[in-house]
């Protein structure tokens, strides 16, 4: 499917966000509007009463066909701080095991007067399929679909970079590790290109980089030292456990030796470079503990900003019903 | 246990509903009062702020000894829209696995100042047992007990029929499929008889109909074409997976051929007949997709009305504490 | 670790409670302050609207690394009655299975602007470890760590005793059963000694009593009849299923014969003695049903008071952020 058709589904003719399915093809002004809206919500988390009534009386379904406590929790918190009613559904263990189709499940929940679906699914395109079938006024947020996209992660990452670096126009950013299997990397690449990062790099072994990844507008490095040199931002990706001893990789230890972020390798980046990771980290595999906990790490601020970015997206989607 | 004793437990001497355990023996005026109350709640689901403060500060426990995400969700939504605090307990995996008895579990939750229990249990009579042991002011809703009853499903079904057909006095209604194992069918039959449906039919193979089912006041058909002819309402039942290749049934395909609702079979009913199903559907087993999604299907409105009916029952039970 | 260091972590230099990790070393006036605060919350549970706005807008995480629906539910209810937003996390099945460390999990949740963690973990010291690493203003409640402590259970037990016996200064209290594996017993012993119970006894077979348990200031009895004689309070402990046919115990039946609380054995205590149990009970193992349900049993009031005590602790911890 072309970016254009995705654009049609997730952005209305009036240019407003109707669903959030991918960062691909999102207009730069829309991305900036999301980030600006998130700015306002960062302060909500610091208040004594961390709630705003923007989505009071709205019903939001966290529909997770693939289990992820961490991601589900961030959306649940964001929704509750907006005063919405949240229903968590771990669908992998319920309806679909009864043989019901994905769309039947969604139609049923929609019939319960849902206002918004937050969807995670192991198959690429699942959130998009749902978005094309819900009725007007019902919004869909993709919380991760297969290897395709995880747009709120991509957006919180650019929010974090903007917070620390202010401007994208002179930045060198590297994404390191298993880009091939990472929906996070895809969403980051699209968001960073949209915001005008001039030097975007992916670093990893050939077996963990997608074929023709340079078509996305990135420079490809198989050598970590070479790729990380001069970077303003180093984004480490999580190495899935199932890759560590698979056909694509000799071992976790070998991966760490070549691509794990250590203080030594980080020293090749700019002195004020920031280190990011979507979590959960495999310490000693893709990242060394002194770096994960070091002064350049902004891994925990990413989490905090992630709540604000999700509140921003939810409030933008929920206020137009 | 006789209908009378059940009546005593679920309806007080003042004629008001104290628990909802079964549709059997409920007075017609009480059923109508529930449906009229539900009418008021249908509009709540369409509002921008879908909440009313009727049960604010009440604590409702969804106690599911048998897992059912879908049914639990409908009660959770209904309770939240009434502003109650809802606690979901999947008890199959906790206390009872520690050897605690059913009543000990309930007494413990009651000691936490519960106002209402929504109970699902694989054993017939479980909700009734609990209702006989809770203290005055605590209400019990049966969300399905063994093969016995699922009264809110029965009530939402008669609500749906009333919505589309206005009056029960001239209706021909058929319930099709595995009546033998269906608590839904039992609750439908009692509710429909109570409201005065003159021609109520059950259709299915002998092996899936209860012995002497005609004693409930229904006409029995083993031939689908014969049974469906002239119907105003066709209610399909879900065929449990475990029946499909069991001793009672040759195969799912054979069942579909004989009793699956296709456009051809539906053409034998009245042209304005409505098609219902409690969900989740087995498409291609008990119902053909073109019928499930067709213009006569009211399967999704059933879901919407189900929230309103559950809100009605909960508000009636919760306001008398 | 010494009581002093624990004291340092859980009580601030101003004498106020910062975390609740153990009843050991808590100042008597602080324990009494918790119980007095709980007094005010007992009435909340009896109200029509069972909510107070003390923790509105606060985010409380129930982080259960060890599953316990019952305990989690009591904290969830307490938090909701204080109007907090509650997030339940069963971490055993999520992040830690992805290889993340305990502290990484906690740091991540803290980055979501958590105000309070309620933590259960199978390892002794887990809650204490977390308390030492959260940032100022974030509170930790130990909901059970290994065999170490379960302080809210200990506090609700002394609340219950105070409710029925008014004064601790003349009491004889016996704790019966598997003291060796019981964090509940440890928390009870410390709380009861703190409040000045002059005659505190533990009763059980040598194999289920800790070595040198008398150092805690208790008298040790291996004979039930001897130990229970003249008691004002009899606290039965739950016998874990895995002990029943293990190396430490011949059988459940043999245990019941020697240490199960029957009417006959209870007759040796004072006529106004109360019977307590933390639940869930093994009827016919550590306690006979007529005693569990008898006039001297205060087992269900313990549950009710437990909500109030948890509300008290949470409100004290949450109001100082």
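Just so it is clear, A, B and C label the chains in written order, and each chain counts residues from 1 on its own.
We adopt the following convention: a contact is a pair of C-beta atoms (placed from the backbone, for glycine too) under 8 Å apart; a residue touches a chain by one contact, two chains touch by 3 or more.
For clarity, every value in this text was computed on a predicted model and none was experimentally measured.
Engineer: At the chain A/chain B interface, shared numbers over all numbers used: above half (same) or below half (different)?
Structural biologist: different
Engineer: How much rotation, in degrees rounded to the nearest 5, is required to superimpose chain A onto chain C on the basis of Cα coordinates?
Structural biologist: 120
Engineer: Cα centroid separation between chain A and chain B, in whole Å?
Structural biologist: That pair's centroid distance is 41 Å.
Engineer: Of all the residues in chain C, which ones touch at least 2 other chains?
Structural biologist: none
Engineer: Quick check on the complex: what are the chain A residues that touch chain B?
Structural biologist: 56-59, 85, 87, 89-91, 93-95, 98-101, 104-105, 107-113, 321
Engineer: Where on chain C is chain B touching in the complex?
Structural biologist: 45-51, 67-70, 73-74, 76-77, 80-81, 241, 279-283, 300-304, 307
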